[in-house]
Amino acid sequence: MSRIDGRTPEQLRPVTIERGWSKHAEGSVLVSFGDTKVLCTASFTEGVPRWRKGSGEGWVTAEYSMLPRSTNTRGDRESVRGRIGGRTHEISRLIGRSLRAVIDYKALGENTVVLDCDVLQADGGTRTAAITGAYVALADAVTWAQRKKLVRTGRQPLTGTVAAVSVGIVDGTPLLDLCYEEDVRAETDMNVVCTGDGRFVEVQGTAEAEPFDRKELNALLDLATGGCADLAALQRTALDDTAPTT
Amino acid sequence: MSRIDGRTPEQLRPVTIERGWSKHAEGSVLVSFGDTKVLCTASFTEGVPRWRKGSGEGWVTAEYSMLPRSTNTRGDRESVRGRIGGRTHEISRLIGRSLRAVIDYKALGENTVVLDCDVLQADGGTRTAAITGAYVALADAVTWAQRKKLVRTGRQPLTGTVAAVSVGIVDGTPLLDLCYEEDVRAETDMNVVCTGDGRFVEVQGTAEAEPFDRKELNALLDLATGGCADLAALQRTALDDTAPTT
Amino acid sequence: MSRIDGRTPEQLRPVTIERGWSKHAEGSVLVSFGDTKVLCTASFTEGVPRWRKGSGEGWVTAEYSMLPRSTNTRGDRESVRGRIGGRTHEISRLIGRSLRAVIDYKALGENTVVLDCDVLQADGGTRTAAITGAYVALADAVTWAQRKKLVRTGRQPLTGTVAAVSVGIVDGTPLLDLCYEEDVRAETDMNVVCTGDGRFVEVQGTAEAEPFDRKELNALLDLATGGCADLAALQRTALDDTAPTT
Amino acid sequence: MSRIDGRTPEQLRPVTIERGWSKHAEGSVLVSFGDTKVLCTASFTEGVPRWRKGSGEGWVTAEYSMLPRSTNTRGDRESVRGRIGGRTHEISRLIGRSLRAVIDYKALGENTVVLDCDVLQADGGTRTAAITGAYVALADAVTWAQRKKLVRTGRQPLTGTVAAVSVGIVDGTPLLDLCYEEDVRAETDMNVVCTGDGRFVEVQGTAEAEPFDRKELNALLDLATGGCADLAALQRTALDDTAPTT
Amino acid sequence: MSRIDGRTPEQLRPVTIERGWSKHAEGSVLVSFGDTKVLCTASFTEGVPRWRKGSGEGWVTAEYSMLPRSTNTRGDRESVRGRIGGRTHEISRLIGRSLRAVIDYKALGENTVVLDCDVLQADGGTRTAAITGAYVALADAVTWAQRKKLVRTGRQPLTGTVAAVSVGIVDGTPLLDLCYEEDVRAETDMNVVCTGDGRFVEVQGTAEAEPFDRKELNALLDLATGGCADLAALQRTALDDTAPTT
Amino acid sequence: MSRIDGRTPEQLRPVTIERGWSKHAEGSVLVSFGDTKVLCTASFTEGVPRWRKGSGEGWVTAEYSMLPRSTNTRGDRESVRGRIGGRTHEISRLIGRSLRAVIDYKALGENTVVLDCDVLQADGGTRTAAITGAYVALADAVTWAQRKKLVRTGRQPLTGTVAAVSVGIVDGTPLLDLCYEEDVRAETDMNVVCTGDGRFVEVQGTAEAEPFDRKELNALLDLATGGCADLAALQRTALDDTAPTT
């Protein structure tokens, strides 16, 4: 079976990771998974939230949002509605948890990094692109802080890398990295977050139409593990380039 | 290894499912998983939300909430804070999706069922208890509507049963149905929603401390599948009792 | 004239006061006035709100809420609407004032007790049941604090007891403790809060249809005073039982 | 005992009722009880809220608010805080109920009158001044609608008059129409709303310090009844003047 | 061309500035520009917002609001809607900036003055009346603080006076101080804030229908400069009267 | 005097107008004024807001927002704070008014265009860049609608072009198109919106430090008029390119 855009089932869309996109942020990445484009900025600030003061440990958190016309039909702004929707909350929490999985709080010291992931254009997989891009922005912010001597040396705040990808079953076939059209038609939909060494940080599978069995689950996990490995390689390549000087 | 409360790793806490708890709701269940107690009410109303009008199809949705002192320390009311937190949103959405997985919208007709799951006392696993209890309340509400001739006969709105359980790895051992103390210490935490025939509706695994590997994931899925089968049997028993007359 | 449920005009509905309902709260009571069931928890915390710091005096406050399906038709959650309605505010304030009437702030010391009164099932008189049950939960929380040496000995923080009942004129007859059906038909509706020694803490009478005269007002006050005395006796009996060990 | 401002216990403060204060509103009154000044406007509009459409009946409602510097210390605006406080809600509801007690909904027809009571300067008794002034504004709005043929003739929408006054026990003495300084020192505080023929619409008594007994309650009711009769006379006088032409 | 109310194009409406309107505020003015009436109160408090602490400098800010029935049709209260509209925000900010233009923060010391401008009746030009009246209230509050020795002597916190007026082009003719009817018909609308020595603090011109050219802009600026000079003279006269004793 | 970035006083920063930036929107432009980058999307929908239905006329509105890390220090999201700030409101309204100045509502028919202007990176002049870019996005959306036959032919909905620029006095010298560093130091700050034929749509001048006189105002208007003419030429050039095919 050939996919809408001609990919094989286990193929990612073209992925680009553009570092140093913003002149203000300590780390910033414009990541694209095909037509999905997410601007990820990492803001490093000294100090931590009140509940963590005096612990000697840092904090990492994330906020996700979609521009009103990043989608095919314009959505209302959450600032105008005066409240954040459940989906936005859910994804912001997922991104934060995913990045915290590779942070050594002690090594970060009492500093905070906020990852803002703003979807400029959406075509499926916005949360997985956000996690993948946010990791690179976070790595740049940590490097920036090390250069500025804002984190102690001798211990690396990042304990590994993290990337994410969506998988799903469309017309009975497990597919990697769904675009919007595939996502809409998927019977089962799964988002998987892996570390660079191939272990799981998050596994979230949902039956959109029919419940799925263990065999299907296994097929999806295999696909996702492979996709995350590919993304980890792309992250490494992006970070191997000369660090952007903010 | 013996657990805090003396259970074996693959043992559920004592589960009770008390039907007909409320005199007003079309279906109502007080479910307990050990010391976790959730009041689940199903409100059946004719008509559907605006975006679904004229479709001939029904709708099922859920709202989850914790009483302020259901936990060890009192939490602020979300009504007083003026906004619903991310965790509440996330769980409400999960419960709704889980129940919709066993609903035939056409058979339900243009009717809506709202499941309210209010946690009266929390000791871990509130979302899984809520799903398990809400299914029974939903079944009672559907039966009520059938008796009142509010849904068409000849086609059953419920296409199966659904139950949920938490699993996690504590001190290296996979455990079923974590109580709060175990949940706090878990390295990995997973919530699994299964249909009565043993397929998956939702799989949500999170590495709380260390990322987990495929072998650990498989052990957790095995445990969860067994636990959901036990819960499905308890649901059947509860529903076999004479239907409560509201 | 016989009432809907066979009571005489000056008769309370069956009242139950179940202490120690919650394993977490310092005091907790499930109170029922007939089919009206309210869960009252008392949360004792050291410290007082900012405006009272350094005064050497404590604080007692209350929050009232109804579960969405505690009533015959489902009501929207105030957390979802994002704002608390006028009726909820009004009743929360009434409960707080009523309990503060029997508190010696100095004897309580710089500690706070929050009473949460959540209506699980409503059939008229939810605010009066809440006050009556909350008093018992408060008494248990104070006892708990005394055992824990969190309040100074030698001076009792509670200066008396407090209970509340509704009265109303239905079809020209003054009735005690209205159930929902009677409440809807009442021409005049009054809530009365009394101390155990028969004095008034609050008197709130409202003409729902026709204004009422002094004679009717007197008849209602007589009924209410009797009802509150009966409730005070029930509170004493409940508190005479061995204290629940939280 | 002589009062702060030299009044006798059963004496009202100087009361002025200035009609036609606003050029826009269908009825408008600047009412003062001593230094308490409330601007009451009555806005008459054709049509009723959705839940009342087709009933042939009208609706009357009220909104109360204090200007930020109407009090001795500036209060935050509720619009800036983004939510209405409990006290504001409570008083708005009281004013609305009080005026609805003298409205014949059928005679009003499917029209709505909104009473806005904005406190320009506060010195105790703002809610009772608001009710007393709002009645006059309502009467003018009804007259306006009759002249404009917006309400059917032959049946008077107003079935009587309504006025309100505060009473309280200060240093053991029952006093009428408390100013702010007296109100702060009152042991018991009561607001009473009466019709022009001397019956009660609302009776709200609160023990601020000590609970009060039946004898004290009776003394307060006597005072209040007299005060309301005086206010009813002042309302009649104000309305006897040539109607303001809006 | 004669105007609706018989004025010449360069003529202000009758302006009154009534000082000492409120017994509570440190400065208070009821200002009227024709039928536009705005109550301006100045609240002086020691201390400054957190971000200014320790700077040795004071702060001046303003809040503007319209009573619901100050206009021809009743508007919803912003407190009820739960959010402040854009227009309100815009005008509050304009008033604050205008007054800060004549404040020497150092001379004011670490004190704050809040100007509340509440429109009691609107007939065009509410923001310009508010600025003109608020200046006088501010001057009275500063004098009050000087008398109370709350600001250091030797240096005057007010560096000048400030007044504002609207101008517009109606049917091709530039007019000063538009009333509501003229405002609605204006092709171009401009609000100008000037200091007493004739310089500009704010110039805000908007093409309501046709864009305007440089010549029209110049004509409007000429008119506005004249109007502001007239208002400055009226402010001086008002302030020359014996200061009100609060 | 040479400017921070070497420009002459009357020189714009490098301006780029990149059309067709988004695959979803009917018109979309990434506009940059130096380091200020704003993504402007135009969403065309059939139908108008309720208050305009049946008028035969269309509507154009705008929403402005800044990404949290578009600035040097991260700002809180307005969606998280739950309310839109005054500055955001003010700028959204300004953009909307500016574009409506060149719209023929009748020719647009009962259709709505929403302009979303999201600042991706800020370095002064975000509102003027937004207006300048939004005009081009609007023009593309109108062309799109004409191609789709959604607007009637024979009459052009756009009656002209519109662009905006900031001017200010820095160290006594009037400068065009201030970058952030200049803006912070400006004594007077003005935003001017002009049509392509050189007339004014909006003139908003504010004295940040010292009030300004007529001569300074004239110098600023001269500069702004020239800058807007340059921008109009750049808009024409951008629109002369082959229309992007959405």
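A few remarks follow.
Order as written gives the chain letters A, B, C, D, E and F; numbering starts at 1 within each chain.
What we mean here is this: a contact is a pair of C-beta atoms (placed from the backbone, for glycine too) under 8 Å apart; a residue touches a chain by one contact, two chains touch by 3 or more.
This one's a predicted model, so the numbers in the text were calculated from it and none came from an experiment.
Copies chain D and chain E of the same sequence differ in orientation by 180 degrees, per CA superposition (steps of 5).
The most distant chain from chain F is C, comparing centres defined as mean Cα coordinates. Inter-chain centre distance (chain A to chain C, centres taken as mean C-alpha positions): 51 Å.
Centroids of chain C and chain F (each the mean of its C-alpha atoms) stand 59 Å apart.
Listed for chain F are residues 82-84, each touching two or more other chains.
Taken as a contact graph, the chains are arranged in a single closed ring, with each chain touching exactly two others. Following neighbour contacts from chain D out to chain E and onward until the ring closes gives D, E, F, A, B, C. Those residues of chain D whose C-beta lies close enough to touch chain C in the complex are 83-87, 89-90, 92-93, 97, 101, 160, 190, 194-195, 197-207, 210-214, 217, 221, 225. Across the complex, chain F meets chain A through its residues 22-25, 28, 35, 39, 41, 43, 45, 63, 65, 67-72, 74, 77-84, 88, 114, 116, 118, 120-123.
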